[in-house]
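Down below are the structures I want you to see.
The two complexes that follow have chain A in common; it is paired with chain B in the first and with chain C in the second.
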Partner chain A sequence: MYKDTIEKLTAAGLNPGKTIAETKKETGKDLVGVFPIRTPEEVVYAAGCVPIGMWGGHTEITLADKYLQSFCCSIMRINLEYALRGVYHDVKAVLIPTFCDTMKCIVENWKLALPQVPTIAFAYPQHHKLQAGMEFTIDEIKRVKHELELALHKIITNEEVEEAFHVYEDWRKTMREFTALAAQHPEIITAKKRYAIIKAGCYMDKAVYTKLVKEINEGLKSEGPSTFKGTRAIVTGIMMEPVDVLDIFEENNIAIVGDDLAIGSRLWRTPAREDVEDVYQKMAYMIRDIEGDTFFFDPEKKKGQMLIDMTKALHADACIVMMMKFCDPEEYDYPIYKAELAKAGVPELYLEFDQQLSSFEQIRTRVQSFTEMLV
Partner chain B sequence: MAEEVKLTSKELLNQLTAKHYQGALEAKAEGKPVVWATSICPDELLAAMDLTTVYPENHAAAIGARKEAMTFIEHAEGRGYSSDICSYARVNMGYVDIKHAEAQDIPMPDLIFSSTNICHTVLKWYENIAKELHIPLILFDMPFNHTYDVSDNCTKYIRGQLENAISQLEDFTGRKMDYDKLAQKMDMNNATCQWWKKATDWGKVKPSPLNGFDMFNYMAMIVCMRNSEDGHKLFKLWYEELKQKAEEGKGPWNSAEEQYRIIWDGIACWPHLSTTFKTLKKYGINMVTSTYPSSWYKVYETNDLDGMAKAYTGNYANRNLNYGEDLISGLIKDFGVEGVVFHSNRSCKLMDFRCYEVQRRITDKMGVPSVIFDGDQTDPRVFSEAQFETRIQALVEMMEKNKELKRRGDL
Partner chain C sequence: MFLGIDIGSSSTKAAVVDQDKKLLAVSVQNLGTGTTAYETVVADVLARAGVQPSDIRFTVATGYGRVNYKGADKQITEITCHAKGVNFLTRDAKTIVDIGGQDAKVIKLDANGKVENFVMNEKCAAGTGRFLEVMARVLGCELGELSNLADHADKEISINNVCTVFAGSEVISRLSGGETSANVARGAHVAIAKRVMGMCNRVGYEPKIVMTGGVALNANMVDALAREMGYPIEVAPHCQAAGAIGAAVFAYEYFQKQ
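Our next item is the complex of A and B:
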């Protein structure tokens, strides 16, 4: 029964610690921590390990204050807090990309916070469309592979990387299908379930996870027309947490029918090139072909139009902005697409939050007012 | 022929600043294109193309020092810019709309030239301006050097971008790059950087003839005049003045004596420049150096694009903690530094989120006391005069204790 699978993955996404422990037990594989965003998980997977997403959590911060001021992105502070508490002592290596100024510093502090685990820092090229940029992507991915080999004491063959890439391509394709089907059935895939199911993928073996999502997709295909009568929204941002926010959406009968989230469609909306043979070239082209992503150079700032197009294509009523406090790149993008959404007549709800947020009354009131306004 | 009036370097600095901005405004009025560039970028390429360039970070600092920043900051925040992003960016975003500042006006850009060696922020900031003004953006992506040295991969990638930038500039101007002229600009850049370093090195002398807050002012010119005759002349003159002062045994100020020698780590608090300067001076504290002299020391072999790539990606802000520790430890040793003031600058996450660890390391390694204060480069709301003075008093106590131990031979 696919609805049991929905419940299973929802629970998995909402309980990362338990899910990670089960993944380790069930697969018997070693775990490698992967920071946000778009870490080349294929290389980790090729090494026979499970990449585990490191997306912060919901906790008090005390130890991380040794390294970071309070005006730092909560995902990064909490990751560091967990590292200092020993939560990640079991991972075999940690991959950290340097996408923003905060992450550049996190790389440096992380080496001290978790000295016993190899830190593998790397950068994607902001000039992702230039030839020099594509060569840099390939050089960096190969360097990451080499450093992983040293950390894991094993050789990762190119064939293993190719096989892993196929697993991930299958996952990306499956997730594109899932989000499309979920948009057709918000009465089944509610805002919270949608997000939790997606997030579960950060903590599971992708092959195992993809199989389960395929079950859900098949189940959704067998459903009749949707009975959903509430608000259809798209969402943009890094993530939708704390998950209490999702309860508020559900209370107000808001469904998420499309997303531009870092834990979400940004990970899979760019398909691989079929006319490219070499797996590293494929990975570089995938980075090259990214459009309208907050974390990649985009002088045309395509995000606003992409949000407008998504709203139209999915017959959404509004766009919700989940602004991660202290995330510079996201904060810079906002005024540009805010104006574009307004010009296009797309209602927009801006919610600022961090992972430590514990009082939700103000957000509840704003969400209520917004849905009333839409009616 | 009238005898040339000999200017002091400060007079020349003021004259050149006026000339720089006036020249840019006139160029725009004449229909010539104007470039906005970041503070440490390979602008030799622009100079070789005869492009008039202004530097919004310099401009924002001038607006901040004139206590005019809030007009622009409030405007930017009103448009949806978070108060947590860089205040230089907020000032500049506001200026793009308001287009007039009492402190100084600058012409609107026709091209952006931005380099991420100083921060990732400038990528997003200038993406927005390029989009809003419908102008091209030439970006240099200089990845953070998480290894001690600049890697060959990064050098190759940046070199590729330099070559790409040349062709973008050729498209923009409709002219071919004059490589002889580029070589001349590289030569001039190297020579000016040498004078900048030689001048700021006078801070090593005790007492230091260099007043570090003057360095903040001269810094604006090393940003925008590294490859010009004017810049070369200015820094040579400044060097000669400092040399003379040093030879005469003169310290940083006429009205007080240098008691303590410190490093100020981070950008100045421009809106509170006078307060911070006077507070330090009150206790006889002179900032003898900072990480800035090396940040603009962009010396490389002329015509060597790999060398140029390495030089431009190799500044302090783009280097790892081990490098930062060594740089500051070296400055402490070479400049006889007795204390460090870290500016926890709300605008500059790249500097802030490493400073706690840098502080611990230099305390352990060099035994030099330090304090951290909260401030911002242009947003006047973050700084507290009382907190600043309390921290400085604490630093003085610690430095005095060390002095006493040294006098007793215990340190």
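Our next item is the complex of A and C:
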């Protein structure tokens, strides 16, 4: 039975358009688009809306070139392309965090490209660990709440935000359990299934989605020892698309046993502080407590050691870098942790891709050569 | 007898190794994947080796077109086959630089000659044989004449455009401005060498450095790369067919295991 749920969520993750339409139909809720890498979705949820992840897609770019150059994050280009084509006609607002220069500019482009949909920017603090950073985060969350109230013509109460936060904390805890269990059963939760199941959560009501993942977790707990004999890998990066890459991983008997992905563990690996009462403080502490994340100021550059520790803890054979063109923050981090991985003797495979990729032979050769190298 | 076939993007190579692991023959055809060159190259290499198709006990395919080649008992990537081929052809290689028609690779070998790390060209044909084809066309000479032409250079000029297409335009401008073809040819070799150096630095390199691929037939290019890398470069015998030779050696080894 839980395997049916695996197939259901896998299909949901691989078909975002269909899943979003079903979400709207089944919940009756309005949709609010949320850009990568993270936004205070709890506030959107508290408003009685479903936050819908806007993680690009696989399409040709014709209209977005009016605003964005070719050497630019493919997620941003595709989101803008979809906007200009009218794909997002159904969303009531769009939240755009300003993690990088491209996102900062996109906020303004978006207002020109899609003037009929309220655009709400969200600035995370650079110095997120300082008290000033905490206060800034709380102020920003409350400002976003206010702007959502204006866009949606409704009041969002603090109690509703608290309730939404509980839903999201349950989701985060459930996902931590899922990734731990999936690592124990890569023969069941294959590379593609793992990614698709996680991505399905970007397009569904979190309460509904979490319930389904809990079914999968209970099912995995009932399984005996794993029979997997292939390569166990951890991955780091933004996302793992086009999903054809995951087919190539499976062809080469590679399982993903852990991740440091933006559509992945980065969203839930930092738990909320249980000794903090106020929900806005809780949310601000979650940001403050983030470690080793590309998009948060980290002078100690903890990502490398974090990946090394993850490899050891999960008995992984290698680290695969899914480098999305042209993500500057991710590319700046790479030389630092690459050197650390090499020093620690962790085999590392670097794959560069963008969402419009349609020919995979070079990637197939790289992946296969890597597995031949590990033998 | 054991057959290795390397179906590349712009050429197809084959090699035959005998039961004593001795290289009998190689063949190179200048047509790549998507063509019927694999039929021609196999027929040619068998004829050169003096063997019949029925004598072949095991076949390994490699290269871009390996997945679609139906006649293989096993397919192995060209990275791994180049390492095997170079170790068969020479001793003590630690770094392989393979520059083909449309791709370039740098392969780092461990103390046992096994692949330790590798990097392939990422974005485009700059730094590959295709760049030299464009240059030869602009300079009005055959690809095989570039080396002799560059040997007559009396200064080194810099070709700044990374893109092969734009570099062609830049070269036309240089020639219009009175620059000599010899200097431009040398500049093209240095441009490729610098591009390949970026890949070498990413993967790390040390001597002994061995070069494979069709571009290794260009002695002036090899010299330009050696100067950039700061070490002499040995051109592997049968440099174009190193991958096919490696595949044939793998075919021999896999058959022994059966």
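Please note the rule applied: the second predicted complex is superposed on the first by the 375 of 375 C-alpha atoms of A that agree within 3 Å, B and C clash if a C-alpha of one lies under 4 Å from a C-alpha of the other, contacts with A are read in each partner's own complex, and residues count from 1 in each chain.
The working rule: contacts are C-beta pairs under 8 Å (C-beta built on N, C-alpha and C of every residue); 3 or more make two chains touch, one makes a residue touch a chain.
What you are looking at is a predicted structure, and each value in this text was computed from that prediction instead of being measured.
S.K.: Is A:L130 contacted by the first partner chain B, the second partner chain C, both or neither?
M.R.: first
S.K.: Regarding the shared-chain residue A:M373, is it in contact with chain B (first), chain C (second), both, or neither?
M.R.: A:M373 sits against chain C, while chain B stays out of touch.
S.K.: May I ask you to decide whether A:K66 touches chain B, chain C, both, or neither, giving the answer as first, second, both or neither?
M.R.: first
S.K.: Of the two partner chains, chain B (first) and chain C (second), which one does A:Q362 touch, if any: first, second, both, or neither?
M.R.: second
S.K.: Once the structures are superposed on A, label A:E140 by its partner contacts, choosing first (chain B), second (chain C), both or neither.
M.R.: first
S.K.: With both structures superposed, pick whichever of chain B and chain C touches the larger number of chain A residues.
M.R.: Touching more residues of chain A than the other partner does is B.
S.K.: Once the two structures are fitted together, what part of chain A is touched by chain B and by chain C alike?
M.R.: none
S.K.: In the complex of these two chains, what residues of chain A are touching chain B?
M.R.: Contact set of chain A toward chain B: 66-69, 71-72, 98-102, 104-109, 111-112, 121, 123, 125-127, 130-133, 135-136, 139-140, 143, 297-301, 323, 325-326, 328-329, 331-336, 338-339.
S.K.: Could you pull out which chain C residues touch chain A in their complex?
M.R.: Residues in contact with chain A: 64, 67, 76-80, 103, 114-120, 122.
S.K.: What part of chain B is in contact with chain A in the complex they form?
M.R.: 79-82, 84-86, 89, 116, 119-121, 123-125, 127-128, 130-132, 136-137, 139, 141, 143-144, 146, 153-154, 156-157, 159-161, 163-164, 320-321, 344, 346, 348-350, 352-354, 356-357
S.K.: Please name which positions on chain A make contact with chain C in the complex.
M.R.: So the residues of chain A touching chain C come out as 350, 352, 361-362, 364-366, 368-369, 372-373.
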